[in-house]
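The structure under discussion appears below in the form of C-alpha coordinates.
Which chain is which? They are A, B, C and D, in the order written, and residues in each are numbered from 1.
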Amino acid sequence: MLARVQRVAMNRLERSLVTGQILPYLITVVAVLAVLFAVIMRLVDREDYPSLGLALWWSVQTVTTVGYGDATPVQPFGRAVAAVLMVLGFASLSLLAGIIASALIARRRASEPNETLVAVERLERRLDEIERLVRER
Amino acid sequence: MLARVQRVAMNRLERSLVTGQILPYLITVVAVLAVLFAVIMRLVDREDYPSLGLALWWSVQTVTTVGYGDATPVQPFGRAVAAVLMVLGFASLSLLAGIIASALIARRRASEPNETLVAVERLERRLDEIERLVRER
Amino acid sequence: MLARVQRVAMNRLERSLVTGQILPYLITVVAVLAVLFAVIMRLVDREDYPSLGLALWWSVQTVTTVGYGDATPVQPFGRAVAAVLMVLGFASLSLLAGIIASALIARRRASEPNETLVAVERLERRLDEIERLVRER
Amino acid sequence: MLARVQRVAMNRLERSLVTGQILPYLITVVAVLAVLFAVIMRLVDREDYPSLGLALWWSVQTVTTVGYGDATPVQPFGRAVAAVLMVLGFASLSLLAGIIASALIARRRASEPNETLVAVERLERRLDEIERLVRER
(Lines give C-alpha, C1' and ligand atoms only; values in the text may rest on other atoms or scores of the structure.)
Protein backbone atom coordinates (compact mmCIF):
# COMPACT_ATOMS: atom_id res chain seq x y z
CA MET A 1 0.00 0.00 0.00
CA LEU A 2 2.80 2.41 1.01
CA ALA A 3 4.71 1.59 -2.18
CA ARG A 4 1.67 2.54 -4.24
CA VAL A 5 1.22 5.84 -2.35
CA GLN A 6 4.86 6.61 -3.07
CA ARG A 7 4.52 5.76 -6.78
CA VAL A 8 1.42 7.93 -7.18
CA ALA A 9 3.19 10.78 -5.33
CA MET A 10 6.24 10.54 -7.61
CA ASN A 11 4.21 10.39 -10.83
CA ARG A 12 2.21 13.45 -9.87
CA LEU A 13 5.38 15.32 -8.93
CA GLU A 14 6.87 14.49 -12.34
CA ARG A 15 3.83 15.99 -13.99
CA SER A 16 3.89 19.05 -11.72
CA LEU A 17 7.54 19.56 -12.71
CA VAL A 18 6.65 19.67 -16.41
CA THR A 19 4.60 22.78 -15.72
CA GLY A 20 7.22 24.03 -13.24
CA GLN A 21 4.90 24.04 -10.26
CA ILE A 22 6.47 22.10 -7.40
CA LEU A 23 5.32 24.45 -4.65
CA PRO A 24 1.57 23.92 -5.32
CA TYR A 25 2.23 20.16 -5.39
CA LEU A 26 4.03 20.22 -2.04
CA ILE A 27 1.24 22.27 -0.45
CA THR A 28 -1.35 19.80 -1.76
CA VAL A 29 0.51 16.80 -0.27
CA VAL A 30 0.69 18.44 3.16
CA ALA A 31 -2.92 19.66 3.02
CA VAL A 32 -4.26 16.20 2.06
CA LEU A 33 -2.34 14.52 4.91
CA ALA A 34 -3.52 17.18 7.40
CA VAL A 35 -7.23 16.92 6.46
CA LEU A 36 -7.12 13.10 6.35
CA PHE A 37 -5.56 12.79 9.80
CA ALA A 38 -7.78 15.50 11.31
CA VAL A 39 -10.80 13.38 10.31
CA ILE A 40 -9.20 10.15 11.61
CA MET A 41 -8.22 11.82 14.89
CA ARG A 42 -11.71 13.29 15.34
CA LEU A 43 -13.17 9.78 14.92
CA VAL A 44 -10.61 7.95 17.10
CA ASP A 45 -10.17 10.41 19.97
CA ARG A 46 -13.37 12.41 20.52
CA GLU A 47 -12.36 13.20 24.09
CA ASP A 48 -9.18 15.15 23.24
CA TYR A 49 -10.65 16.61 20.03
CA PRO A 50 -14.25 17.73 20.59
CA SER A 51 -14.27 19.67 17.28
CA LEU A 52 -12.88 19.08 13.77
CA GLY A 53 -11.35 22.57 13.89
CA LEU A 54 -9.16 21.60 16.85
CA ALA A 55 -8.22 18.31 15.17
CA LEU A 56 -7.18 20.24 12.06
CA TRP A 57 -5.15 22.71 14.15
CA TRP A 58 -3.38 19.69 15.67
CA SER A 59 -2.81 17.82 12.37
CA VAL A 60 -1.29 20.81 10.54
CA GLN A 61 1.24 21.52 13.31
CA THR A 62 2.06 17.80 13.49
CA VAL A 63 2.54 16.88 9.82
CA THR A 64 4.72 19.97 9.25
CA THR A 65 6.83 18.90 12.30
CA VAL A 66 6.21 22.31 13.92
CA GLY A 67 4.57 20.78 17.01
CA TYR A 68 3.47 23.76 19.15
CA GLY A 69 2.13 21.30 21.70
CA ASP A 70 -1.03 23.29 22.53
CA ALA A 71 -3.41 20.63 21.20
CA THR A 72 -1.72 17.28 21.88
CA PRO A 73 -3.64 14.04 22.49
CA VAL A 74 -3.66 12.35 25.91
CA GLN A 75 -5.69 9.20 25.13
CA PRO A 76 -3.57 6.17 24.08
CA PHE A 77 -5.41 5.72 20.75
CA GLY A 78 -5.06 9.44 19.99
CA ARG A 79 -1.32 9.23 20.69
CA ALA A 80 -0.99 6.21 18.38
CA VAL A 81 -2.65 8.17 15.54
CA ALA A 82 -0.38 11.13 16.33
CA ALA A 83 2.72 8.90 16.22
CA VAL A 84 1.75 7.69 12.73
CA LEU A 85 1.28 11.26 11.46
CA MET A 86 4.58 12.41 12.98
CA VAL A 87 6.46 9.59 11.25
CA LEU A 88 4.64 10.32 7.97
CA GLY A 89 5.52 14.02 8.25
CA PHE A 90 9.19 13.21 8.88
CA ALA A 91 9.30 10.61 6.08
CA SER A 92 7.52 12.96 3.64
CA LEU A 93 10.00 15.73 4.36
CA SER A 94 13.06 13.66 3.44
CA LEU A 95 11.28 11.83 0.60
CA LEU A 96 9.97 15.04 -0.97
CA ALA A 97 13.39 16.70 -0.72
CA GLY A 98 14.95 13.67 -2.45
CA ILE A 99 12.28 13.47 -5.16
CA ILE A 100 12.54 17.20 -5.91
CA ALA A 101 16.35 17.04 -6.13
CA SER A 102 16.17 14.04 -8.49
CA ALA A 103 13.45 15.58 -10.66
CA LEU A 104 15.19 18.98 -10.92
CA ILE A 105 18.44 17.30 -11.99
CA ALA A 106 16.64 15.19 -14.61
CA ARG A 107 14.90 18.28 -15.99
CA ARG A 108 18.14 20.23 -16.09
CA ARG A 109 19.96 17.41 -17.91
CA ALA A 110 17.15 17.07 -20.43
CA SER A 111 17.34 20.78 -21.27
CA GLU A 112 21.14 21.00 -21.47
CA PRO A 113 22.77 20.21 -24.81
CA ASN A 114 24.75 16.93 -24.69
CA GLU A 115 28.17 18.18 -25.89
CA THR A 116 29.61 14.69 -26.19
CA LEU A 117 26.72 13.46 -28.35
CA VAL A 118 27.13 16.49 -30.62
CA ALA A 119 30.85 15.68 -31.00
CA VAL A 120 30.12 12.02 -31.77
CA GLU A 121 27.59 13.02 -34.44
CA ARG A 122 30.21 15.32 -35.96
CA LEU A 123 32.54 12.29 -36.09
CA GLU A 124 29.81 10.35 -37.89
CA ARG A 125 29.65 12.90 -40.68
CA ARG A 126 33.46 12.77 -40.97
CA LEU A 127 33.25 8.98 -41.45
CA ASP A 128 30.70 9.47 -44.27
CA GLU A 129 33.23 11.65 -46.06
CA ILE A 130 36.13 9.22 -45.45
CA GLU A 131 34.06 6.24 -46.63
CA ARG A 132 33.17 8.14 -49.82
CA LEU A 133 36.88 8.90 -50.41
CA VAL A 134 37.88 5.25 -49.87
CA ARG A 135 35.19 4.06 -52.28
CA GLU A 136 36.31 6.54 -54.97
CA ARG A 137 39.95 5.46 -55.04
CA MET B 1 1.29 32.94 -8.30
CA LEU B 2 3.02 30.10 -6.41
CA ALA B 3 4.75 28.97 -9.61
CA ARG B 4 6.14 32.47 -10.08
CA VAL B 5 7.41 32.62 -6.48
CA GLN B 6 9.15 29.28 -7.07
CA ARG B 7 10.71 30.49 -10.35
CA VAL B 8 12.02 33.68 -8.75
CA ALA B 9 13.38 31.66 -5.81
CA MET B 10 15.20 29.24 -8.12
CA ASN B 11 16.68 31.99 -10.32
CA ARG B 12 18.03 33.88 -7.32
CA LEU B 13 19.49 30.67 -5.89
CA GLU B 14 21.26 29.99 -9.20
CA ARG B 15 22.82 33.43 -9.01
CA SER B 16 23.76 33.00 -5.35
CA LEU B 17 25.46 29.72 -6.29
CA VAL B 18 27.67 31.46 -8.85
CA THR B 19 29.21 33.46 -6.03
CA GLY B 20 29.14 30.41 -3.74
CA GLN B 21 26.84 31.96 -1.17
CA ILE B 22 23.91 29.65 -0.51
CA LEU B 23 23.76 30.24 3.24
CA PRO B 24 23.03 34.00 2.95
CA TYR B 25 20.36 33.17 0.35
CA LEU B 26 18.68 30.63 2.66
CA ILE B 27 18.71 33.07 5.57
CA THR B 28 17.14 35.75 3.38
CA VAL B 29 14.30 33.43 2.29
CA VAL B 30 13.45 32.53 5.89
CA ALA B 31 13.76 36.14 7.10
CA VAL B 32 11.46 37.47 4.36
CA LEU B 33 8.79 34.82 5.11
CA ALA B 34 9.04 35.52 8.86
CA VAL B 35 8.70 39.32 8.54
CA LEU B 36 5.89 39.03 5.97
CA PHE B 37 3.82 36.67 8.13
CA ALA B 38 4.51 38.63 11.34
CA VAL B 39 2.93 41.68 9.68
CA ILE B 40 -0.01 39.63 8.31
CA MET B 41 -0.58 37.98 11.71
CA ARG B 42 -0.43 41.34 13.52
CA LEU B 43 -3.13 42.66 11.14
CA VAL B 44 -5.36 39.55 11.20
CA ASP B 45 -5.18 38.55 14.88
CA ARG B 46 -4.63 41.67 17.05
CA GLU B 47 -6.04 39.85 20.08
CA ASP B 48 -3.42 37.08 20.23
CA TYR B 49 -0.61 39.35 18.98
CA PRO B 50 -0.80 42.77 20.69
CA SER B 51 2.71 43.70 19.46
CA LEU B 52 4.70 43.18 16.24
CA GLY B 53 7.59 41.85 18.34
CA LEU B 54 5.45 38.97 19.63
CA ALA B 55 4.16 38.28 16.10
CA LEU B 56 7.78 38.12 14.86
CA TRP B 57 8.75 35.79 17.71
CA TRP B 58 5.87 33.54 16.64
CA SER B 59 6.59 33.67 12.88
CA VAL B 60 10.30 32.80 13.21
CA GLN B 61 9.63 29.73 15.37
CA THR B 62 6.84 28.68 12.98
CA VAL B 63 8.51 29.04 9.56
CA THR B 64 11.65 27.24 10.81
CA THR B 65 9.36 24.41 12.08
CA VAL B 66 10.82 24.81 15.60
CA GLY B 67 7.42 25.58 17.16
CA TYR B 68 8.15 26.29 20.85
CA GLY B 69 4.44 26.84 21.37
CA ASP B 70 4.81 29.80 23.75
CA ALA B 71 3.14 32.28 21.40
CA THR B 72 0.51 30.31 19.50
CA PRO B 73 -2.70 31.85 18.13
CA VAL B 74 -6.11 30.94 19.60
CA GLN B 75 -8.42 32.92 17.30
CA PRO B 76 -9.66 30.95 14.24
CA PHE B 77 -8.30 33.52 11.74
CA GLY B 78 -4.95 33.56 13.50
CA ARG B 79 -4.80 29.76 13.34
CA ALA B 80 -5.60 29.84 9.60
CA VAL B 81 -2.69 32.23 9.00
CA ALA B 82 -0.47 30.00 11.17
CA ALA B 83 -1.49 26.90 9.18
CA VAL B 84 -0.45 28.60 5.92
CA LEU B 85 2.96 29.58 7.36
CA MET B 86 3.56 26.07 8.76
CA VAL B 87 2.85 24.51 5.36
CA LEU B 88 5.07 27.08 3.64
CA GLY B 89 7.89 26.37 6.10
CA PHE B 90 7.60 22.62 5.52
CA ALA B 91 7.38 23.05 1.73
CA SER B 92 10.33 25.48 1.69
CA LEU B 93 12.49 23.06 3.65
CA SER B 94 12.07 20.20 1.16
CA LEU B 95 12.08 22.50 -1.88
CA LEU B 96 15.24 24.33 -0.78
CA ALA B 97 17.02 21.04 -0.03
CA GLY B 98 16.08 19.78 -3.51
CA ILE B 99 17.09 23.00 -5.28
CA ILE B 100 20.43 23.15 -3.45
CA ALA B 101 21.20 19.49 -4.29
CA SER B 102 20.34 20.03 -7.96
CA ALA B 103 22.33 23.29 -8.20
CA LEU B 104 25.41 21.85 -6.44
CA ILE B 105 25.41 18.84 -8.78
CA ALA B 106 25.08 21.07 -11.86
CA ARG B 107 27.94 23.28 -10.67
CA ARG B 108 30.15 20.29 -9.96
CA ARG B 109 29.46 18.78 -13.38
CA ALA B 110 30.20 22.09 -15.11
CA SER B 111 33.58 22.35 -13.36
CA GLU B 112 34.64 18.74 -13.93
CA PRO B 113 36.45 17.89 -17.17
CA ASN B 114 34.29 15.77 -19.51
CA GLU B 115 36.66 12.83 -20.11
CA THR B 116 34.46 11.29 -22.79
CA LEU B 117 34.28 14.55 -24.78
CA VAL B 118 38.09 14.84 -24.58
CA ALA B 119 38.43 11.28 -25.94
CA VAL B 120 35.96 11.98 -28.77
CA GLU B 121 37.87 15.13 -29.75
CA ARG B 122 41.08 13.06 -29.81
CA LEU B 123 39.31 10.66 -32.19
CA GLU B 124 38.40 13.63 -34.36
CA ARG B 125 42.06 14.59 -34.80
CA ARG B 126 42.89 10.95 -35.69
CA LEU B 127 40.25 11.05 -38.43
CA ASP B 128 41.86 14.22 -39.88
CA GLU B 129 45.11 12.28 -40.17
CA ILE B 130 43.45 9.21 -41.72
CA GLU B 131 41.49 11.33 -44.23
CA ARG B 132 44.75 13.05 -45.27
CA LEU B 133 46.39 9.64 -45.74
CA VAL B 134 43.48 8.33 -47.85
CA ARG B 135 43.53 11.45 -50.05
CA GLU B 136 47.30 11.12 -50.61
CA ARG B 137 47.22 7.56 -51.90
CA MET C 1 30.43 2.64 14.90
CA LEU C 2 28.48 5.52 13.32
CA ALA C 3 30.15 4.87 9.96
CA ARG C 4 28.93 1.27 10.09
CA VAL C 5 25.37 2.34 10.98
CA GLN C 6 25.47 4.68 8.00
CA ARG C 7 26.77 1.96 5.65
CA VAL C 8 24.10 -0.51 6.75
CA ALA C 9 21.42 2.19 6.34
CA MET C 10 22.58 3.02 2.81
CA ASN C 11 22.80 -0.62 1.70
CA ARG C 12 19.28 -1.35 2.91
CA LEU C 13 17.98 1.78 1.20
CA GLU C 14 19.59 0.67 -2.07
CA ARG C 15 17.79 -2.65 -1.80
CA SER C 16 14.50 -0.96 -0.88
CA LEU C 17 14.89 1.21 -4.00
CA VAL C 18 15.14 -1.83 -6.24
CA THR C 19 11.61 -2.77 -5.22
CA GLY C 20 10.57 0.91 -5.27
CA GLN C 21 9.66 1.04 -1.61
CA ILE C 22 11.41 3.98 0.03
CA LEU C 23 8.49 5.00 2.24
CA PRO C 24 8.38 1.69 4.21
CA TYR C 25 12.17 1.93 4.62
CA LEU C 26 11.94 5.47 6.02
CA ILE C 27 9.19 4.50 8.43
CA THR C 28 11.27 1.54 9.65
CA VAL C 29 14.31 3.75 10.33
CA VAL C 30 12.24 6.20 12.40
CA ALA C 31 10.39 3.41 14.24
CA VAL C 32 13.61 1.60 15.18
CA LEU C 33 15.19 4.80 16.53
CA ALA C 34 12.01 5.66 18.46
CA VAL C 35 11.68 2.23 20.12
CA LEU C 36 15.42 2.03 20.89
CA PHE C 37 15.49 5.44 22.58
CA ALA C 38 12.22 4.86 24.44
CA VAL C 39 13.82 1.81 26.08
CA ILE C 40 17.07 3.68 26.82
CA MET C 41 15.16 6.65 28.27
CA ARG C 42 12.99 4.38 30.42
CA LEU C 43 16.16 2.80 31.86
CA VAL C 44 18.11 6.05 32.34
CA ASP C 45 15.40 8.39 33.63
CA ARG C 46 12.74 6.43 35.53
CA GLU C 47 11.66 9.54 37.38
CA ASP C 48 10.52 11.51 34.31
CA TYR C 49 9.29 8.41 32.46
CA PRO C 50 7.40 6.09 34.85
CA SER C 51 6.01 4.03 31.92
CA LEU C 52 7.38 2.78 28.58
CA GLY C 53 4.29 4.20 26.87
CA LEU C 54 5.20 7.74 27.97
CA ALA C 55 8.84 7.18 26.93
CA LEU C 56 7.63 6.07 23.48
CA TRP C 57 5.34 9.11 23.20
CA TRP C 58 8.38 11.26 23.98
CA SER C 59 10.79 9.46 21.60
CA VAL C 60 8.47 9.61 18.57
CA GLN C 61 7.86 13.34 18.91
CA THR C 62 11.59 13.89 19.43
CA VAL C 63 13.14 11.83 16.60
CA THR C 64 10.66 13.30 14.09
CA THR C 65 11.64 16.81 15.33
CA VAL C 66 7.98 17.57 16.10
CA GLY C 67 8.68 18.25 19.80
CA TYR C 68 5.27 18.97 21.36
CA GLY C 69 7.01 19.46 24.69
CA ASP C 70 4.33 17.70 26.79
CA ALA C 71 6.65 14.87 27.91
CA THR C 72 10.12 16.42 28.16
CA PRO C 73 12.80 15.17 30.59
CA VAL C 74 13.92 17.28 33.56
CA GLN C 75 16.68 15.06 35.00
CA PRO C 76 20.18 15.84 33.64
CA PHE C 77 20.74 12.26 32.39
CA GLY C 78 17.35 12.22 30.69
CA ARG C 79 18.18 15.51 28.96
CA ALA C 80 21.52 14.09 27.78
CA VAL C 81 19.71 11.11 26.19
CA ALA C 82 17.16 13.50 24.67
CA ALA C 83 19.95 15.66 23.20
CA VAL C 84 21.46 12.60 21.49
CA LEU C 85 18.10 11.62 19.97
CA MET C 86 17.38 15.18 18.78
CA VAL C 87 20.75 15.33 17.03
CA LEU C 88 20.18 11.87 15.51
CA GLY C 89 16.73 12.92 14.27
CA PHE C 90 18.14 16.07 12.68
CA ALA C 91 21.09 14.19 11.15
CA SER C 92 18.83 11.40 9.85
CA LEU C 93 16.52 13.91 8.19
CA SER C 94 19.28 15.52 6.11
CA LEU C 95 21.11 12.22 5.54
CA LEU C 96 17.97 10.39 4.39
CA ALA C 97 17.01 13.25 2.07
CA GLY C 98 20.50 13.17 0.55
CA ILE C 99 20.58 9.36 0.21
CA ILE C 100 17.13 9.29 -1.40
CA ALA C 101 18.06 12.03 -3.88
CA SER C 102 21.28 10.23 -4.81
CA ALA C 103 19.58 6.82 -5.14
CA LEU C 104 16.67 8.17 -7.22
CA ILE C 105 19.09 9.89 -9.61
CA ALA C 106 21.18 6.73 -9.97
CA ARG C 107 18.06 4.65 -10.67
CA ARG C 108 16.80 7.16 -13.23
CA ARG C 109 20.17 7.25 -15.01
CA ALA C 110 20.36 3.45 -15.10
CA SER C 111 16.90 3.23 -16.71
CA GLU C 112 17.45 6.00 -19.27
CA PRO C 113 19.01 5.01 -22.60
CA ASN C 114 22.55 6.39 -22.95
CA GLU C 115 22.19 8.28 -26.25
CA THR C 116 25.88 8.99 -26.55
CA LEU C 117 26.83 5.34 -26.07
CA VAL C 118 24.30 4.34 -28.77
CA ALA C 119 25.86 6.87 -31.16
CA VAL C 120 29.39 5.63 -30.38
CA GLU C 121 28.34 2.04 -31.09
CA ARG C 122 26.84 3.18 -34.40
CA LEU C 123 30.26 4.69 -35.22
CA GLU C 124 31.86 1.36 -34.42
CA ARG C 125 29.76 -0.42 -37.02
CA ARG C 126 30.65 2.28 -39.57
CA LEU C 127 34.34 1.61 -38.89
CA ASP C 128 33.79 -2.12 -39.56
CA GLU C 129 32.43 -1.20 -42.99
CA ILE C 130 35.27 1.26 -43.73
CA GLU C 131 37.92 -1.25 -42.65
CA ARG C 132 36.37 -3.86 -44.92
CA LEU C 133 36.44 -1.36 -47.83
CA VAL C 134 40.09 -0.47 -47.19
CA ARG C 135 41.08 -4.14 -47.05
CA GLU C 136 39.28 -4.88 -50.34
CA ARG C 137 41.04 -2.23 -52.40
CA MET D 1 31.61 35.52 6.58
CA LEU D 2 28.67 33.18 5.93
CA ALA D 3 30.13 32.24 2.56
CA ARG D 4 33.37 31.22 4.26
CA VAL D 5 31.50 29.12 6.86
CA GLN D 6 29.69 27.39 4.00
CA ARG D 7 32.93 26.74 2.10
CA VAL D 8 34.63 25.28 5.17
CA ALA D 9 31.56 23.12 5.86
CA MET D 10 31.52 21.76 2.30
CA ASN D 11 35.26 21.02 2.23
CA ARG D 12 35.12 19.10 5.47
CA LEU D 13 32.10 17.15 4.24
CA GLU D 14 33.98 16.20 1.08
CA ARG D 15 36.81 14.84 3.21
CA SER D 16 34.39 13.02 5.53
CA LEU D 17 32.83 11.40 2.45
CA VAL D 18 36.17 9.95 1.35
CA THR D 19 36.22 7.91 4.53
CA GLY D 20 32.47 7.27 4.23
CA GLN D 21 31.58 8.94 7.50
CA ILE D 22 28.84 11.49 6.93
CA LEU D 23 26.93 10.78 10.13
CA PRO D 24 29.84 11.78 12.46
CA TYR D 25 30.28 14.93 10.37
CA LEU D 26 26.60 15.87 10.70
CA ILE D 27 26.65 15.29 14.44
CA THR D 28 29.74 17.49 14.78
CA VAL D 29 28.09 20.36 12.87
CA VAL D 30 25.00 20.27 15.11
CA ALA D 31 27.06 19.90 18.31
CA VAL D 32 29.31 22.86 17.45
CA LEU D 33 26.31 25.10 16.70
CA ALA D 34 24.57 23.99 19.92
CA VAL D 35 27.58 24.63 22.19
CA LEU D 36 28.40 27.95 20.51
CA PHE D 37 24.86 29.29 20.89
CA ALA D 38 24.50 27.98 24.45
CA VAL D 39 27.52 30.08 25.42
CA ILE D 40 26.24 33.14 23.52
CA MET D 41 22.78 32.79 25.09
CA ARG D 42 24.24 32.40 28.57
CA LEU D 43 26.18 35.67 28.06
CA VAL D 44 23.35 37.63 26.43
CA ASP D 45 20.35 36.52 28.51
CA ARG D 46 21.48 35.63 32.06
CA GLU D 47 17.95 36.17 33.35
CA ASP D 48 16.27 33.43 31.29
CA TYR D 49 19.32 31.14 31.41
CA PRO D 50 20.83 31.10 34.92
CA SER D 51 22.98 28.04 34.08
CA LEU D 52 24.97 26.86 31.05
CA GLY D 53 23.22 23.48 31.31
CA LEU D 54 19.82 25.09 30.74
CA ALA D 55 21.23 27.15 27.85
CA LEU D 56 22.58 23.94 26.28
CA TRP D 57 19.23 22.18 26.77
CA TRP D 58 17.62 25.10 24.94
CA SER D 59 20.19 25.32 22.11
CA VAL D 60 20.05 21.58 21.24
CA GLN D 61 16.26 21.55 20.97
CA THR D 62 16.37 24.76 18.92
CA VAL D 63 19.09 24.00 16.35
CA THR D 64 17.56 20.56 15.64
CA THR D 65 14.17 22.32 15.11
CA VAL D 66 12.60 20.09 17.78
CA GLY D 67 11.53 23.04 19.95
CA TYR D 68 9.92 21.49 23.06
CA GLY D 69 9.30 24.99 24.37
CA ASP D 70 10.16 24.22 28.01
CA ALA D 71 13.18 26.54 28.09
CA THR D 72 12.33 29.45 25.77
CA PRO D 73 13.71 32.96 26.22
CA VAL D 74 11.45 35.87 27.24
CA GLN D 75 13.93 38.76 27.16
CA PRO D 76 14.08 40.60 23.78
CA PHE D 77 17.84 40.02 23.36
CA GLY D 78 17.46 36.34 24.20
CA ARG D 79 14.70 36.02 21.61
CA ALA D 80 16.89 37.70 18.99
CA VAL D 81 19.66 35.15 19.65
CA ALA D 82 17.06 32.35 19.50
CA ALA D 83 15.74 33.66 16.16
CA VAL D 84 19.25 33.53 14.68
CA LEU D 85 19.78 29.93 15.86
CA MET D 86 16.36 28.82 14.56
CA VAL D 87 17.12 30.24 11.11
CA LEU D 88 20.60 28.65 11.16
CA GLY D 89 19.08 25.28 12.12
CA PHE D 90 16.54 25.48 9.30
CA ALA D 91 19.17 26.63 6.78
CA SER D 92 21.62 23.93 7.88
CA LEU D 93 19.00 21.22 7.46
CA SER D 94 18.29 22.06 3.81
CA LEU D 95 21.92 22.90 3.05
CA LEU D 96 23.26 19.68 4.59
CA ALA D 97 20.65 17.60 2.74
CA GLY D 98 21.66 19.26 -0.53
CA ILE D 99 25.40 18.91 0.09
CA ILE D 100 25.04 15.22 1.03
CA ALA D 101 22.94 14.47 -2.07
CA SER D 102 25.46 16.21 -4.32
CA ALA D 103 28.47 14.54 -2.68
CA LEU D 104 26.91 11.04 -2.77
CA ILE D 105 26.10 11.42 -6.47
CA ALA D 106 29.63 12.62 -7.25
CA ARG D 107 31.12 9.67 -5.35
CA ARG D 108 28.83 7.20 -7.10
CA ARG D 109 29.68 8.61 -10.53
CA ALA D 110 33.40 8.48 -9.78
CA SER D 111 33.16 4.78 -8.82
CA GLU D 112 30.96 3.71 -11.74
CA PRO D 113 32.70 2.70 -14.98
CA ASN D 114 32.08 5.23 -17.77
CA GLU D 115 30.68 2.92 -20.47
CA THR D 116 30.73 5.59 -23.15
CA LEU D 117 34.41 6.41 -22.52
CA VAL D 118 35.25 2.71 -22.73
CA ALA D 119 33.47 2.48 -26.10
CA VAL D 120 35.25 5.59 -27.41
CA GLU D 121 38.62 4.15 -26.40
CA ARG D 122 37.73 0.93 -28.24
CA LEU D 123 37.01 3.09 -31.32
CA GLU D 124 40.44 4.65 -30.92
CA ARG D 125 42.16 1.26 -31.15
CA ARG D 126 40.10 0.45 -34.29
CA LEU D 127 41.36 3.67 -35.88
CA ASP D 128 44.95 2.62 -35.15
CA GLU D 129 44.30 -0.57 -37.11
CA ILE D 130 42.58 1.24 -40.00
CA GLU D 131 45.36 3.83 -40.23
CA ARG D 132 47.94 1.04 -40.38
CA LEU D 133 45.96 -0.65 -43.19
CA VAL D 134 45.68 2.60 -45.19
CA ARG D 135 49.44 3.27 -44.84
CA GLU D 136 50.25 -0.29 -46.00
CA ARG D 137 48.32 -0.10 -49.27
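Observations, loosely collected:
Methods note: contacts are C-beta pairs under 8 Å (C-beta built on N, C-alpha and C of every residue); 3 or more make two chains touch, one makes a residue touch a chain.
Because the structure is a prediction, the values reported are computed rather than measured.
Put simply, the chain farthest from subunit A by mean CA position is D. Set against one another, A-C and B-C show the most C-beta pairs in contact at A-C. Two copies of one chain, subunit B and subunit D, form a contact in which under half of the residue numbers belong to both partners. Rounded to a whole number, the gap between the C-alpha centres of subunit B and subunit C is 22 angstrom. Subunit A and subunit C have Cα centroids lying 15 Å from one another. Shown for subunit B are the residues that touch two or more other chains, namely 65-69, 89, 93-94, 97-99, 101, 105, 116, 120, 123, 127, 130, 134, 137. Here subunit A touches subunit C in the complex through residues 2-3, 5-7, 62, 65-69, 72, 76, 79, 82-83, 86-91, 93-95, 97-99, 101-102, 105-106, 114, 116-117, 120-121, 123-124, 127, 130-131, 134-135, 137, going by the rule given at the top. On the subunit A side of its complex with subunit D, the touching residues are 65-69, 94, 97-98, 101, 116.
Interface residues of subunit C, counted against subunit A in their complex, comprise 19-24, 26-27, 30-31, 34, 53, 56-57, 60-61, 63-70, 89, 92-94, 96-101, 103-105, 108, 115-116, 119-120, 122-123, 126-127, 129-130, 133-134, 137.
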